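Next, two complexes with chain A in common: one pairs it with chain B, the other with chain C.
Up next is the complex of A and B:
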């Protein structure tokens, strides 16, 4: 008995030793920066001066009163909501569509998937050219007058970025839904059909419940992905026109490295971290309730 | 997992309707790709004078040669291959041993570790660019190849460990127990028994991480200033930021930069899809 116990302890120590590299790298590369972020957010600091001025929660009260930051938050949240809903529903519907009996399914799937192999700065640049050069050319030769420069006005920049962002990412999440669809046994559909359910009813009462684990993965992934948007803005809008398309990450990057407001930037990062955690916890809670009901 | 092949459903009028919708969708997704390829072969004069949808007058590869020379893509490609290759191999290995330890070690410490690593999925490195830069600067790791690789590894761990622990649940423990009935240690078990079983999920991890490391702009831009250490994506960005009307070269550069990733995807497509099924769906 005693020998057995010490054997188990030795095994456990050996297993633990395998985790040392990951624990060290992860702690240094992610956990320490999170703690640093909280610490810096309490100071006014330019990043280089030896003296930091302690502000307490001063940076946070300034954020609440800063019109630009609030505008940035509004844009970030709206962008995340729009993108996660459109891309999630789009990916699910496309997966069902490209899993149906249509011809040339592989070709269709490949075309939808390819955009996610490009860098986001490519997406931003290409769609900027489409909106500013290609579409105006097409509209003109059709003799129509439609405003196509979606990145050029604060009112349409959100729509323009959403189209570009969904174009890039829908394919990736569609692949996950497609994979999950394969694991649903056809018997469920057969049973539903026997009970007289039409295609729409089968979708909502068989497909959606069976895909719940995949839906959770995709929704959480899409929302956090949209909340951290940065790369696409660098080439698409540079946060413009004016300041109309700044996300929190984009604004923080500029506050820190262009304006040297390290303390203020850190406070914004902290607010983003809190936001990300709240969103993830709320979504997981909501979805796990749904799963229990099945 | 495998199910009997169902008889092919009949092609009805409603299928035809779906086919039309699929065609429209495919056109939307293909349109920007067509624009990239089409413009990559045009001259500056054609860009300015001709209709944006017109075909290039002749297919020559001048833009590609230009992009290669202007951006010194030889160096940039070598750098990108090093960053991607080294960090992805390290990620795949470290994530696999960690996930295996989490799955097999049975105590509170391992359950806690699983949640601890999940923090990295919820809080992405993008939100932490500022403290990461300061920390790396303090350690002398900014503008260094080693520093960027370390950053890619530490930010890639969470997703990898998440994917691998999900896969571990499908690996039966019996084989390991049988192999080590006479009490060989954990390291021998891992290398002689477990590692060969895990080739497939490791391949999945290698592909997904290669995509994100190769295409990363933000972290590379944050860390690397030297022209001799920059990645393909950073080099390409210099063509995007200029306001010149010669974006044909930029389009050619886009094709060049995406080629390795597209080749990798085509080569390992089956493996990738299989891994996504197991890792992401059975979570």
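Up next is the complex of A and C:
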């Protein structure tokens, strides 16, 4: 008995030791920066000077009173909702389409996936040129009067960014759905066919329930990713026109590095972490309930 | 014997006197690598390879480790490097002398022989107190670039007052020409345009407007600020309808094709104009103010800074001495399409050069730092521009715009 216990203890220690390198990287790369971020958020600091002024929770109360924060959160949440819905549904439909026996489906899958290989910085730059130079040129040569300069107006900038963002990422989520679709046994579809279900009914009553784990993964991933949008804005709109495409991450970066309010930027980062955690937990709870029901 | 000793002493004295008058020789005996952080402008020219070739000839022991970024990334890079270790050399804008002087990151270059070749007037752009914190190298002149042929066709002369500018715009519109080409989709350019249009009026009122603003003696509600806002609104009303959707490429093409007669921009557009149409004849005039004292905006936007904590003083001095040669300065000037601040260098010239020389000669050229040292771009003008955009889109009213602007006075004033 004692020999068994000491053997089990030794095995547990061995397993734990195998996790140490990953734990060290995780701690140094993620946990320590978060703790440091929280530490800096308690100070008024420009990020350069040696002196910091302790404010306690002063930066956090400033967030509540900051008139720009509400606007940036509104844009961020709307952007996240729109992108999640469009990209999620689009990726699912594309996956179903490209899972079927269509011609050149490998080529189509490749073409849809390629944009995810680009950096978001490049995507923003490319779509800025498309909206401001390429599309206006095409429209003008066709003699049409269609407004295509979506980044130029506060009323259309959301749509322009959504198109660019979905174009870039839809392929990635489509691949996740494709992989999940492969795991659905054809017998379920056969049984549904025998029961008289048409294609649409088979999609909603067989495909969707069986894909629920993938849907959870993609939805959570899309939502949290969209809430953290930053790099595409750097080259696409720089948060403009005015502040109409300012996301919370872009605002945080500007506060910390351009306005030299490092402490305030750190406080906003901490509040963003908390919000993202809440969103992820709520989504997981909602979807896991749905998964059980289905 | 006595005669020989006397002769030897005299010789030694002469040599000592001679050497004290000579520029100190720079030697780098050990292999040394220096880190250079370069805020490279939009024109990618491969100049770093030319620098390396020149250094290999003059100082073969010195190698350079380049890091190229955009100027917009400089603040975050500076924050990072001030914590982790500054590069030996930073190539940025002259306004960064003031931006970072308070943190003691720049070395004092006073007395360095390579500064002897830099135009004395330019040195003031990097002089903070009694210290020379950078070597200004290239300068550009911003103003209103105009199509000389169109102006001549309609008998127009460069304006000096806002009323004259408005008359020119009316004449152009009557003849189917859009007065201004603009590219406000580029947020940095929109901010720059707002800054020079508004600050022109502010500087007409007082050369220390920013300091007075910080002290609470001035407000964004004052008449001079409002005149500046009216001027920028006038430009927006007299440019293409899609001005907020257009970026630099399209804007430059419109000007070159003669669809617009004027383009208020930085001097880098000269390079673009000459690339698009080498035969285009264009000039430049200062954006007018209500007082008639508008100035061309001179920006020393390539300036060499030496880190105050560098361990390779001699190697950095070696690099700066190579940069200060007329050959290297001429090459940089031609490649970047900007004026050289090194005496004797062959400076990049555009058709607008005669206008630049004229306005500089009569004192109608102001160094941009005079404005940005008092009212900084990132902390004030960029935010003011965003508020102004919201005002023009009717998202906020003038009272809110003023209130927000005044809430940022703390960021203003000389540091």
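In the analysis below, the second predicted complex is superposed on the first by the 290 of 294 C-alpha atoms of A that agree within 3 Å, B and C clash if a C-alpha of one lies under 4 Å from a C-alpha of the other, contacts with A are read in each partner's own complex, and residues count from 1 in each chain.
Quick note on the criterion: contacts are C-beta pairs under 8 Å (C-beta built on N, C-alpha and C of every residue); 3 or more make two chains touch, one makes a residue touch a chain.
These numbers come from a predicted model, not from an experiment.
When the two structures are aligned on the shared chain, A:134 is found in touch with chain B, with no touch to chain C. Contact with neither chain B nor chain C is seen for A:204 once the two complexes are overlaid on the shared chain.
Looking at the shared chain after the overlay, A:54 reaches neither chain B nor chain C.
Residue contacts after overlaying the shared chain place A:277 against chain B, while chain C stays out of touching range.
In the superposed pair of complexes, A:97 makes contact with chain B only, with no contact to chain C. Once the two structures are overlaid, the count of chain A residues touched is higher for B than for its counterpart among chain B and chain C.
With both structures placed on the common chain, the touch criterion links A:262 to chain B and to chain C.
The intersection of chain A residues touching chain B with those touching chain C, taken from the two complexes, comprises 47, 129, 133, 253, 256-257, 262. Those residues of chain C whose C-beta lies close enough to touch chain A in the complex are 75-76, 78-79, 82, 100, 102-103, 184-185, 187-188, 190, 242, 244-247, 249-250, 378-379, 382-383, 386-390, 393, 395, 411.
Against chain B, the residues of chain A that register as touching in their complex are 7, 11-12, 14-19, 21-23, 25-26, 28-34, 36-37, 40, 47, 94, 97-98, 100-103, 107-108, 111-112, 114-122, 124-127, 129-130, 133-134, 137-138, 141, 167, 171, 175-176, 178-180, 182-183, 185-186, 213-214, 216-217, 224, 228, 230-231, 234-235, 248-249, 252-253, 256-257, 262, 265-266, 269, 272-273, 276-277, 280. Touching chain C in their complex are the following residues of chain A: 47-49, 128-129, 131-133, 136, 149, 151-154, 237-244, 253, 256-260, 262. Per the touch definition, chain B reaches chain A in the complex via residues 1, 3, 6, 8-11, 15, 18-19, 21-22, 25-26, 28-33, 35-36, 39, 51-53, 94-95, 97-98, 100-102, 104-107, 109-110, 113, 116-117, 119-135, 150-151, 153-155, 157-158, 161, 183, 185-187, 190, 211, 214-218, 233, 236-237, 240-241, 247, 250, 254, 257-258, 261-262, 265, 273, 276-277, 280-283.
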